[in-house]
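Two complexes, one shared chain (chain A), two partners (chain B, chain C).
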Partner chain A sequence: MSGLLLFLVGVVTLAGIYAILAMILNLEAGWAGMWDLGIAGLLAVGGYVFIITTQQTHDDVILTPHWPMWAGVLAGSVAGGLAALIIGIPSLRVRGEYFLITTLAFAEVIRQLSINLGSLTRGTVGFNQFTRPFESWTSPSGYRWVLLGLVWLVVAVVYFVIRRLGRSPYGRLLRGFRDNDPVARSLGKQTNRHRIQTFVLAGLMYGAVAPLYVWFIRTVTPSLFTSEATFVTWTALVIGGIASLRGPVIGAIILLIVTEAASLVQGSGDMAVVLASVRFIVLGLVLILVMRVRPQGLANERDAFAGASERVAG
Partner chain B sequence: MTAPILDLRDITKVFGGVTAVREVSMSVQAGSITAVIGPNGAGKTSLFNVATGFEEPTEGHVLFQGEDVTGLEPWRVARKGLIRTFQTPTGFPALSVWENLMVGGTSDRDESLWRAMRGAWHSGERTTNQRARQALTDLGLWDRRDTLLADLSPGDVKLVDFARQLMAEPKMVLLDEPASGVDPASIGRLGNVIRQVREQNVTVLVIDHNIGFVLGIADQVHVMSLGEVIASGSPDDVVRDPVVIEIYLGRSA
Partner chain C sequence: MQNVIFGLITGSILAIASVGLSMIRQTEGFINIAHGQMLTLGAFLGYFCVATLELNIFLAGLISMLLVGILGVVLSVLVFNPVAASGPLAQLFTSIGLAYLLFGVMRVVFGANVTFFPTSFGTRFDLGSVNVTVGEILIVVTAAIVVGALALFLNQTRLGTWIRATASNPELARLRGIPVQRVSHAVWFVASALAGLAGVMVGLIGNVHSELGWTLTLIILAAAVLGGLGSIYGVLASGLLLGLAMDLSALVIPTSYRSVVAFGVLILGLLLRPQGLFVTAGRREA
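For the complex of A and B:
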């Protein structure tokens, strides 16, 4: 297999993972108006809980329950949901920027914990030997295709679930109170309850998909869960079109292909360092370009929900 | 005389050192159109905020249908049938006209996350759609149902605003300056809509600057100035009241 093809498979797999994250972010931020900067933290909670509960090879940690993989995914999801509940209840009562600050701080606290709780997380060394699902079915070189299929299957499932929510009366209410909370409350809507439910759902989902990220990278270390993950997800959503339906997927594909293309250039070690930083310059340029030409993103909310009245029969 | 639907008793609201509302008592008869007029800073909106739970009164009580609702959260007050509008900003700008009305008319049950997952909201949606369609047809806005609220003229926005709050089936509506920013042609339409609402046994309490508009539709008028009610009576009595002419009409007209 040619190097270019292998590279492309990797990029498309990673794009799929970011598409999933951007879709979840779209639910909580695009529709419900909760500007979450703690994506990396929720991912870390899900990822670490998954790896700690399921890994079989590292026995120098204090907790090794050796759970089956499905139980680990479930545990990671529940942990993500619980974390969202714990940060959501105090910070969603006060609005807007407090939520932003709290989630950002939460992600940093989680990262620091993952470094310092070495007896549980193996510190900065982390976990690097674990089995992945269906790994025994194929050769190591064929496994990248399995993972590609698995990731894009999850993209499809998440897309349909989120679309179902977005087009329901529940989603309509979120998009309403996002722009005008007092009017929603004056109609008898418990907007805070809806916000907390939505954030917990986002936490459950981030926690559940964190293992995909772990399987792709093949290690679990604190450096995996820096705010870079949060900001790449945000950029993908903004480029694709915040509050739209297909935007998060489109944005993730374009963003990942454009930024990863820089690593295609062959060069010396010094060159590689330069190219690594070029990625962020490219990311910034893409963002500026889209904001300049199409500020609402490539897809948009208006088109995504146009003709809603036609879908009700009768 | 029957018991009032809304009874405000000795309401005082102090912000910092400023008394916005001072010992105001006001009762609204069921089925009436009652107006509160007064210059800027008279305390009209503060009184509304207190009545609907958006502000807690410093002193006094709010009774709705004989029940003490003082200090209840706004959504609880709303579910008892006391629904208000806001002067600005109005409504859900990113939703279409139709979606705005649907949010107003959809029950808590049909809006739950659980029902959204199961997709078990379609029958409720059809019923609400019938009502939304009727309301929009009556307003002459059915053809514009898919227009986003943000793209509508200010006059039409106010009509949609009113229609959306009515979708929640209130027993009483509090309208905060419904005619502000509305062109003269639409004001007439708005007045008709308010009168029609009363026909359906919804009590109306309205505050506005536009004296002509308010006096044309109200049965009972309260005049506020500097946080106090300075005159009450029928529109005819109020315009003849020398204190009102001095304090309100004399100065700002």
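For the complex of A and C:
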């Protein structure tokens, strides 16, 4: 297989993972108006719970239940939801940028805990030997195709679930109290309860998809869950168009292709550091340019729900 | 007692760094995520002046302060002004983009290695159970002088009064004929210059590396938010408090939990007093 093809498969798989994350973020931030900067923390909870409950090879951690794969995914999801509940109850008492900063702080606390609770998480060494689903079906080199298919299958499922949610009365309610909380409350909607529900729902979903990220990267270390994961997801969403339907997927594909293109160039030693840095420069430039030229993103909310309001009116 | 000294040093650096962030937040209306990268740039420039140009450390500090300050003004004109009309989300994400851009450029220019200032801290002397070095005292004294100068500037000069007026009510300030553009330039210069100075100090007490900005951004944000963003003295006080809390906590829990303590304090502070620790008037909803 040629190098370019291998590279493309990797980029498209990663783009799919970020498309999933951006769609979930769109639910809580785009529609419900909760600008969450704690995505990396919830991913870390999901990823670590999954790997601790399912891994078979590392015996030096205090908890090795050896659960089957599906139970680990379920446990990661539940843990993500629980973490979101614990983070959400206090954080949702503050609004706007204070909410941003509280969630960012929680994510950093989670990451620091994952470094420091070495007997559970193996500290900065992390987990690097574990089996992945369907791995026995194919050769190691063919597995990347399996993962590509799996990721994009999840993209499709999440897309239809989120679209259903977005067009449902529940989605309208979210956008309603995002734009005007007092009016929604005057209509008898318990907006704070819906906020917590949506935040926990997003947490469940982040926790559930975290294993995909883990299978793609093939290690679980604290450095996977820095705020970079959060900011890349946000950038994908903002480029694609916040609060639109297809935006998160479009944004993730464009962003990942543009930023990963730098790693196509082979280099060694000092050159490798420069190339790795170019990725950040490109990420920054793309974000600055999109904000200047098209701050509403490529797709927009009006088009995504053009038919919906007419159906309600009719 | 030793930890009190360390806490004071960390705290005074934090205070200088977070005052700039809160000034920009008040007059420009958004949180500048790139502020931490300006700090890193200050640290690298200071290091370059001392290690390569072999300048005196004070001169190096002054040069990095000026250069970072000027860069702040240039960036505000080139990068932030064009998106000002698009609202705070666009500005916030522009600043995140700028943070990545600066981070990447600094890694290309200065490399990804960890370096140390080749500067000696001078004689170490004991005061009872505590021992401090001349350099550490100088850092605290410099911080105190800078804070004093900032207070004088804000309270005694016309430009300073304009800045405070714009910070408390931008629309009214504009209506009253305050030159908003000049105020904006002044704020960006002062805030970035303070970040540059704080960066040199951070480099002096620890080391200089490219990840510095990301680690510090969160702690600076914590200090600024804890102080209530709007009140400059509140932010100064909470910076000091946070520094003390981080270093004093080392007495009871492992030092690796240092930043967990900082964020724990932030989360607690936001929950108990969402309007900021030292703010008496209501905080405007963002």
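Just so it is clear, the second predicted complex is superposed on the first by the 308 of 314 C-alpha atoms of A that agree within 3 Å, B and C clash if a C-alpha of one lies under 4 Å from a C-alpha of the other, contacts with A are read in each partner's own complex, and residues count from 1 in each chain.
Here, a residue touches a chain if its C-beta (ideal position, glycine included) is under 8 Å from a C-beta of that chain, and two chains touch if they have at least 3 such contacts.
From a predicted model like this one, the values you see are computed outputs, not experimental measurements.
In this overlay on chain A, chain B fits alongside chain C without clashing. For the superposed model, the angle subtended at the Cα centre of chain A by chain B and chain C works out to 80 degrees in steps of 10. Once the two complexes are overlaid on the shared chain, A:P295 sits against chain C while remaining clear of chain B. Once the two complexes are laid over each other on the shared chain, residue contacts for A:E108 go to chain C alone; chain B is not touched. Of the two partner chains, chain C is the only one touched by A:V94; chain B is not.
Of the two partner chains placed by superposition, only chain C is touched by A:G284; chain B is not.
When both complexes are overlaid on chain A, the residue A:R164 reaches chain B alone and has no touch with chain C. In the superposition on chain A, no contact is made by A:D60 with either chain B or chain C. The superposed arrangement places chain B and chain C with a least CA-CA distance of 10 Å. Judged by the document's definition of touching, no chain A residue lies at the interface with chain B and also at the interface with chain C. Touching chain C in their complex are the following residues of chain A: 90, 93-98, 100-102, 104-106, 108-109, 112-113, 115-116, 226-227, 231, 234-235, 238, 242, 270, 273-274, 276-288, 291-292, 295.
The residues of chain A lying in touch with chain B in their complex are 161, 164-165, 168-173, 175-180, 182-191, 194, 197-198, 201, 243, 301-302, 305-310, 312-314.
Interface of chain B with chain A (complex): residues 52, 54, 73-76, 78-79, 83-86, 89-96, 98-100, 102-104, 106, 108, 110-113, 115-117, 119, 121-122, 124-126, 129-130, 145-146, 148, 164-165, 168.
Residues 30-31, 79, 82-83, 86-90, 92-94, 96-105, 107-108, 111-112, 214, 218, 221-222, 225, 254, 256-257, 259-260, 263-264, 266-267, 270-271, 274, 285-286 of chain C are the ones touching chain A in the complex.
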